[in-house]
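Common to both upcoming complexes is subunit A, partnered first by subunit B, then by subunit C.
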Partner chain A sequence: MEFGPHLMLAALEGAVTAAVLALMAAGLSLVFGVMRVVNVAHGEFYMLGAVLAFVVAGMAGGGAPGFVAALVAVPLIVAALAVAADRAVLRRLSYDPERTIVATIGILYILQQLALMGYGPDARPVAPPFNHRIALPWIDWGAGGPVLTWPWGLSITSYKLFVIGAAATVLAGLWLLMTRTRIGLVMRATQLDRETAQTFGIPVGRVYALVFGLGAGLAALAGVLIVPIQQAHYLMGGDALLLSFIVVIIGGLGSLPGTLIAAVLIGLSDGIISVFFSPTLAKIIATLLVALVLVFRPQGLMGKPAR
Partner chain B sequence: MLEVQGIDAGYGPVQVLRGLSLDVRPGEITCLLGRNGAGKTTTMKAIMGLLPLGAGRITLAGEDIGRLPAHEVPRRGIGYIPQGRRLFAELTVAQNLEIGLMTRNSPRHVLTRVLDLFPRLADRMGQRAETLSGGEQQMLATARALCLEPRVLLLDEPTEGLQPSMIEAIRQVVIRLKSEGVAILLVEQRLDAVLSAADRVVFIENGQVRETADAADLRARPELLKRYLGV
Partner chain C sequence: MNARILALHGGLLALLLVLHFVLPVYHHGNLARIMVLACYAIGYNLLFGYTGLLSLGHAMFFAAGMYGMGMPFHHLGLGAELAFLAGIGTAGALALVVGLLALRTLGVAFMIVTLMFSQAFYLMILLAARWTRGDEGLVLAGADRVLFGLDLTDPDIRYLLALGLFALCLSAALWLVRRPFGRVLVAIRENPERAELLGYDIFRHKLAAVVVSGMFSGAAGAAYGLMFGYVGASFAEVHFSIFPLLWVLLGGAGTVIGPFFGVLFMFYLIDISSGLTPAYMLIAGVALVLLTLFAPQGLAGEVRRRWLRWLP
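For the complex of A and B:
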């Protein structure tokens, strides 16, 4: 394949990574923004999403109905689990920023070991509900002007397009939720001034539980979407967590638009650099970017400086 | 209306209020005076349910509200204008007021009435609260509290750092609320501004009430002020 089509293929793969990453990082960013909790267990909610997708899809008889069942049920199950973790653990620590880091590290290992015990050490796939290969055209500049060609190997599956579309839809919905609804207003007021929010009747404890559940649900949704592409494995949360942190730091903690921009940046560069060079180089560059951001723009691309 | 009876309260291990009592009556302005750090803001936070009570009771029209979860206190009809305004800085004027309206599901006409009191805010509904001038911010903090149609209003140093014209505007609103029968608890540093409007004055020191006096008496005998405040 020539360079141009090859680059486009890499960018498309990167777009899938970016879509899943954006969902996950939006959850992490929301939880940090509103609750000031650095949720180290966030990657495990993603892992649970993938693992439970395998379980639920199997119980629902597999195939497309199985996948749809998983897509609907799993994020809700994981969100409920996260709400329980919030009530049982985080609330008892009064959401203290340092103690919740230690606590979520504990939650990380508990979830990981539970997955190992219940699901086992194997990586297992879930069949995508549909998976057509869609060949993509490329424009060549021949002697007689532009010619449309169909380079061999330049294609994407319908499922990958669905992942990109689904992530974009959910993120647009999240944006509308935060900016156009009462519950979004309540979440933002809580984020801006928790104490004053209480003096205006906002039940901050319930808002926190909701936000923690929503954040975990987004990670789980990302996990469900990814299993037909990558298999479900009990250790898959680690890399996902690292990438989400990278995205959230580059984008600016607590800023949804910044998170999206950074997810696209990191997803695309990860896709492209992995294809042309190596995945390791992609990770090195992403980490370097974080270091640069921390040095030159600590608040992130779209974050506001601390007041 | 609002009765505080012998409360102990503080921040974690730090006890600030020691057996503090006061009451705030409908249609009256009760003024809380005391030096910096005496515990005036802490008293207001305790009333709002933000601090756990170690001892004592707080009742509103007979109902014990001292042990309610904090978010239930304003729903009983207590509006709070905190020290330093504490607006939701990144939200617009309209959204700040919306949060006030949501507290007790106030009907829409309440907003119209509140904006009649503060016409300057009506022109700035889409503006972010942090971009308002200091006086406008104080108006917004006041308007936000009035959106819940309070029976009791707590104002913590509302005129801090304001120009005289703004102070006068805020004062007019407070006097009008008083005439409508709202029970008002006012914390102020500027005694001159307060004394003419207050009905009763409560002096506190080290988290304890030193003296409760009739404002009329104080106006007649200013030497009392010197004794309690050293001014």
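For the complex of A and C:
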């Protein structure tokens, strides 16, 4: 393949990564924004989404109905689990930022190791509900002007397009929820000032549980969507967590539009750098970049400086 | 120094020396490892327990000590004594650079920055697989592992050297936290604004704490590599940054003697549970959640709160 089509292929793969990453990072960012805690177990909710998708799809008989069942049920199961974790652990710590991180590290290991015990150490796939190969054209500059060619290997599957579309739809829905509904208003009020919200009769405890569940549900949804492309494995949460951290920090902690822009930026560059350079080098550059962003510009690219 | 403090810590060291002669082989080997890891925990505690800075990236200092020792030892044929010092020096230099950058942040950001630096360090070890042999790691030749004429492949010598290193770290930590320097660190933990108002340069004190803590961790890493003959990337993974946090939380943050008991307890807990299930890290997870919920003071912290108010 020529350089141009190769780059386009890398960008398309990157767009799929970006879509999944945006969902996950939106969940992490929401939890940080409203509750002011960092949920280190977020990657494990993503892993649970993928692993449970395998289980639920299997129980529902596999194929397209199995996948749809997983898509609906799994985020709800994981969200319920997260709400339980919030009630049982985080609330008792009064959401103290540092102790919450330590406790969510504990939850991370508990979920990961339970998945190892229940699901085993193997990576297993879920069949996509549909999977047509769509060849893509490329414009070459021939002798007589632009010519449309169909380079071998330049293609995307219908399922990958569906993932991008689904992520965009869910994120648009999340934005509408936050800006246009009463519950979104309540969440934003809690985010702005917890005490004042409480005095105005907002049940802050229940809002926190809801937000934590919603964040985990978004991660689980990302996990379900990725399973037909990547296999489900009990250790898949680590890298996903690291990437979403990177996205949330670059985008500005707690800023949803910033998170989205950063997800597209990181997803695309991850896809492109991984194709042309060593993926390890790409990760090193990304992690160091994030650490330096936090050191020199803690509010991120889009976030507002702390008051 | 206070007599009962001396008696308590000296008593622990004497007990460990007696155990050398009575323990069965398996536990004798375990305890040697525990003592080296306890040095790592003591170093971590200086930063977390006394200064109040929670780092999630200490594995990079442990690994810097290990690789700083192992690389010149393996590739350049440097003697064990100099290689050990090189390990501590590498860890100290890395801690200085990381401290200068990471200490510009506070709280949660500090935790994430240290986590990210540590992850980058781990990935660099994998990237330089040509020299570090990546995941596989380096096996140090037994014939060269001789420290001042003492053969490190002999379990008895290993135990006594581990005890010597542990005694050194324990007394250094005890001395450090009872000096004015240690008192200032506690003041910074309790109330940074007031410490600054009293005229202390908190940035320089914190930086010194990071470097000292990094050097303790590096010494433990270098000793671990030398004694057990293996230098591997797994010691730079995230798990290995979480472990010292767990040990210190369990043993008692901000106590000199606590980290040892944290390591001892956790080591055997994992040793026993890994015989039952491959998912032994589950124990670590449950322990972390229960500790943050019910005993944020840890073992020695509880003892201090209830009975021994003088425990340093």
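The working rule: the second predicted complex is superposed on the first by the 302 of 307 C-alpha atoms of A that agree within 3 Å, B and C clash if a C-alpha of one lies under 4 Å from a C-alpha of the other, contacts with A are read in each partner's own complex, and residues count from 1 in each chain.
The criterion applied here is as follows: a residue touches a chain if its C-beta (ideal position, glycine included) is under 8 Å from a C-beta of that chain, and two chains touch if they have at least 3 such contacts.
None of the values given here were measured: they were computed from a predicted structure.
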Partner chain(s) touched by A:L114 [first = subunit B, second = subunit C, both, neither]: second
Which superposed partner A:V275 touches (first subunit B, second subunit C, both, neither): neither
Subunit B versus subunit C as contact partner of A:R182, first or second or both or neither: first
Contacts of A:K283 with subunit B and subunit C, given as first, second, both or neither: second
First (subunit B), second (subunit C), both or neither touched by A:L192: first
Touched partner set for A:F200, first subunit B, second subunit C, both or neither: first
Contact breadth on subunit A, by residue count: subunit C or subunit B: C
Touching residues on subunit B, where the partner in the complex is subunit A: 48-50, 69-75, 80, 82, 86, 88-91, 95, 98-100, 102-104, 144, 148
Of all residues in subunit A, those that touch subunit C in their complex: 38, 89, 92-93, 97-99, 101-103, 105-114, 116-117, 121, 238, 242, 245, 249, 278, 280-281, 283-284, 287-288, 290-292, 294-296, 298
Touching residues on subunit A, where the partner in the complex is subunit B: 182, 185-186, 188-189, 192-193, 195-205
Contacting residues of subunit C [partner subunit A, same complex]: 54, 56, 101-102, 104-105, 107-109, 111-113, 116-117, 119-120, 123-124, 126-127, 238, 242, 245, 249, 277-282, 284-293, 296
